[in-house]
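Each structure below appears as structure tokens.
Both of the next two complexes hold chain A, though its partner changes from chain B to chain C.
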Partner chain A sequence: MSKPIVATTSLAGCFGCHMSLLDIDERILELIELVEFNKSPVDDIKVFTKQCDIGLIEGGCCNSENVHVLKEFRKNCKILVSLGECAIMGGLPALRNGIPVKECLQEAYLDGPTVIENSGKILPNDDELPMILDKVYPCHEIVKIDYYLPGCAPRADLIWNALIALVTGDELKLPYEVVKFD
Partner chain B sequence: MRNAVQNILKKFGNDRGRLMDILKGVQSELGFVNEEAKKLIAEGLDMSYVDVEQTLSFYHFFTDSSRGKYTVYLNNSAVAEMMGRSDVAAAFEREAGCKFGSVTEDGLIGLYDTSCIGMNDQEPAAIINGKVFTNLTSYDVKDLVAAMRSGKVVSDLITKYGDGKNSDGLIKAMVANNIRKSGDVLLTSHKAGEGMVKALDMEPAEVVDIVKASYLRGRGGAGFPTGLKWDFCRKSNGEVNFVLCNCDEGEPGTFKERILLTEYPELVFEGMIIAGYAIEAQEGILYLREEYEYMLAYLEAVLKGMRENNLLGENILGKGFNYDIRIQLGAGAYVCGEESALIESCEGKRGEPRNRPPFPVQKGYMQQPSVVNNAETLASVVKILKNGADWYTMRGSRESTGTKLLSVSGDCKYPGVYEIEWGIRVRDILDMAGADDVQAVQVGGPSGECIGPKEFKRTICFEDLPTGGSIIIIGNKRNLIKDVVLNFIDFFIEESCGSCAPCRTLPPIMKNRLEKILNGHGVMQDVKDLEQWGAKMKMANRCGLGQTAANPILSTIRNFREKYEELIRKDVDFDSGFDLAAAVADSCEYVGRKPNL
Partner chain C sequence: MAEKIKFTIDGKECYAEQGQTILAAALDNGVYIPSLCYLKDLIPAGSCRICNVKVSGRFMTACTTPVNDGMEVENNTPELEELRKSIVEMLFVSGNHFCPACEKSGNCELQALAYKYQMMVPRFPYIFPEKEVDPSSPKLFIERNRCILCKRCIRSIKDESGKSLFAFKKRGNKLMINLDHELAATMTDEMAEEAMEICPVGSILRKEKGFDQPIGHRKFDKQAIGSDIKSVI
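Moving on to the complex of A and B:
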């Protein structure tokens, strides 16, 4: 029997969830015995080369590129998992959600204290650049999400337990230590 | 300013417990309670600035900045919308030249939304500088704004007074009573003192026994047995007991207390006296919602008259009973109709419901045993004492004795107050009100139940359809979900005190989901989610507001499921409703690029 295939991505996230995935330490050797990785920063495969079983999504959507990637994942993965606070709720990037996007751009490129030199008052508008969304969206407000793994970042053990449960079909182990956050 | 604030503080004995009255006083004087005033109040009451701030910011009618020389609060209840509120609002914005939620540049006119003001039978209605204006049209608005611009006093803008005591010199309101049906318990002639004379001749415990024998249940909606409540209070070990009369009828569509207080204030006060005697209290507080402030001077005069006739004060009617009543004005908060929130408000705090136990009968006002009764409950007590428990139990149904005041509004010919016996069929109410093209009836206001024609045979009583009295009739021409359910959810979002997280956060999320369904992006899962979240609201909130805030959605899904099913997509299981073009439109416009979708 062929191994289940896993894809991962980081949208509007900080890669912390991926770091947490790496925190499974030596179990990563066990993991690659159990699954095959496809599109993912872990193996640097940039585009889907085959249909996958599980997609892990870190981060919410703050621009059109994120939306595009998320939709690709939905198309190519049987099961999508929102991994961590930003994918589930928008997280830190969603702090801008109470502020109109125009004001955010103005602060970032024209008036903010970190703007050293922009005498031409240039705002990034090249067609190659992703378009900024009016607010940061959690993933389930764009596509259907099957499972949610909470945490900032979710603990390595939670990610591990969830992957094992998905791969083996066994019930997910959720001991208190794995889901307590303080 | 210092002097003005200090005079007000002095008037209320620098008592923190009277912070509501102090804020009201300062606001009447200055038009607002700004930072300087807040500091002076905090200093004068020896409390922290933020404690003053948190009470001030909690209430809709308190403000820390000017809301204009003329402040218009236009009711935005569902029935107001049905009766043409949006035209009136548009006229106000056009004529005044500012949007709702703001003040004109010259500071003359402020326009604000407000939750139901108890005038559902004569909408659209607004409160302008404390005066009520009913049956407004866009023509009226033109005249009103012109009069404001010419500097007229608001009371001079009222040209015609309503019937009954509405035209009394101390009320002078254009409000109509709209009493459509009088029974022989409440809306009938009453000679002041008739009930209390009998009560004062008995032992307090006997009075409680009679109320118990009448099976009278609370008229605010929850229906707790009144005699039992009094008994619990008597058995609590406190230093002093209090009676609180709840006249904070904020449930959209109810206005029966308006009628009771306008036409039968002595009856309500007398009920408070009897309750006070029964639980051996010395002080009663009538909590009057700010929306009814226009009656305040009149009610104070009635109290004065009762004191002069020795129905209140020292040694009442020579029976050795000392008791007096004060009126506590609210400041715009639906949740203050919840008894423990009402108590908090009477103590000058934010109107946040308390954790229970202890119940108010154990630790209520000032941490002393307190009875909180609805005005209608107390008014009924008077007649029970006068005519006896047997006389009373002859009326109504088995578990709901006596009569009930229904506030009927919406799509009908005869909106107004009806005194009926418990056990009346919904269909009979509709006949009386002249409603023939009915899609749905909202029984008990937004927190109650929305029923369709199949259930019009059901009866109004605690055994079947309980209600605090609000009956809103929704005609066939209305879009039930858009015009009614959405409005009700907005109401709960606005009125949540924010203390319990589910009540603070879920209604906005549920509203988004409802809008998604209305926009054609709904799927079956959305309906399931709404049902599931609604069930959580019942479990996870502290007070009745939070527990019932999902009822408009839950009861329409239950009774009008087909209306939801008509709106949702059947071709897919999932539709997020996300629109990329709309989401990038603003940023693309700002940076000057063409969206590349």
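Moving on to the complex of A and C:
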């Protein structure tokens, strides 16, 4: 039987959830026996080359590129998992949700204390750049998400337990210590 | 001494003082009924509804309902636990709860209930309401993004003449907690500490404090809320 195929991505996240995935330590050897990775920063496969079974999504959607990638994942993965606070509720990037985008951009590029030189008063607007959304969206407000693993980052044991449950079909083990929001 | 009255919680025989509420009596009998706005020795507010129990087929808030002789209380049932979980989820989406960046994380009672119920995601859509933070008093931040309007601060933090330092302002979904600036100026360090302590969430914060306990050492890192309440019989 062929192995289940896993894809992962980081949208508006900090890669902390991926770090936490690596935090399963030597179990990573077991993991590569159990599953095959496709599109993922882990193996640097940049485009889907086949249909996948499990897609792990880190980060919420803060721009048009995030939405595009998330929809690609939905098309190419049987099961999608929101991994971490940002995917689940926007996380720290969503702290801007109460502030108009224009004000955010002005603070970042014109008025902020770290702006040293922007005499042309330019806000980035090149066509090549993804468009910033009006607010940061939880992934499940954009596509259907099947499972959620909270945490910032989710505990390595939570990710491990969830992957094992998905791959083997066994019941997910959820001891008190692994479901945490920070 | 007045006769104690007999009642049951989930079939377990319990005893209460005359006039005692279900919640207070439950605690005396070593039974945990989850709650947020309840605080021992304060007049109950009945505002968070987490302590909903069922008596004769009807939902009642255990913190405001006095025990009657022979009362049969349902507490730890799948129906009630699911109802409580849904209230916790509603509280999460109706504020802005960014736990990873919150000073109260690990010691927060709302978060602890979400851990108890293993909330993976709220079933309701996030509202991301606009809330104002009030940093203007000398010792406290009022972080309204996290306030659950439980009135614990209003009921317990008072000056020598009995005046509350905290009060509600506005109505409906604009309702917000407010700190009286004149009275706040006279706050002692102890009062400020107490205010932060009695707030179940991270809405009242001591200035120049926070993140002083390492992860793993905080109240609810390893121990579920209510797990310290052990049966006494």
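Observations, loosely collected:
Simple rule for what comes next: the second predicted complex is superposed on the first by the 179 of 182 C-alpha atoms of A that agree within 3 Å, B and C clash if a C-alpha of one lies under 4 Å from a C-alpha of the other, contacts with A are read in each partner's own complex, and residues count from 1 in each chain.
The definition used in the following text is that a contact is a pair of C-beta atoms (placed from the backbone, for glycine too) under 8 Å apart; a residue touches a chain by one contact, two chains touch by 3 or more.
Keep in mind the model is a prediction, meaning the values are calculated, not measured.
Overlap between chain B and chain C is detected when the two structures are superposed via chain A.
When the shared chain is aligned, chain C comes close enough to touch A:Pro150, but chain B does not. Of the two partner chains placed by the overlay, only chain B lies in contact with A:Leu123; chain C stays clear of it.
Once chain A of one complex is fitted onto chain A of the other, the partner contacts of A:His140 extend to both chain B and chain C.
After overlaying the two complexes on the shared chain, residue contacts for A:Ser64 are found with chain B alone; chain C is out of touch.
In summary, superposing the two complexes on chain A brings one listed stretch of chain C into steric overlap with chain B, and the stretch in question is 45-53; the others among 27-35, 45-53, 135-143 or 189-197 show no clashing C-alpha atoms. Residue overlap on chain A between its contacts with chain B in one complex and with chain C in the other: 135, 140-141. Against chain B, the residues of chain A that register as touching in their complex are 64, 67, 100-102, 105, 123-127, 131-135, 137, 140-144.
Contacts from chain B toward chain A in the complex involve residues 573-574, 576, 578, 580, 582-588, 590-593, 595-596.
Taken together, the chain C residues at the contact with chain A in this complex read 96, 98-102, 105-106, 111, 114-115, 118-121, 125-126, 128-131, 215, 221-222, 224. Remark: chain A residues 82, 85, 88-92, 94-95, 97-98, 135, 138, 140-141, 147-150, 152, 174, 176-177, 179-182 touch chain C in the complex.
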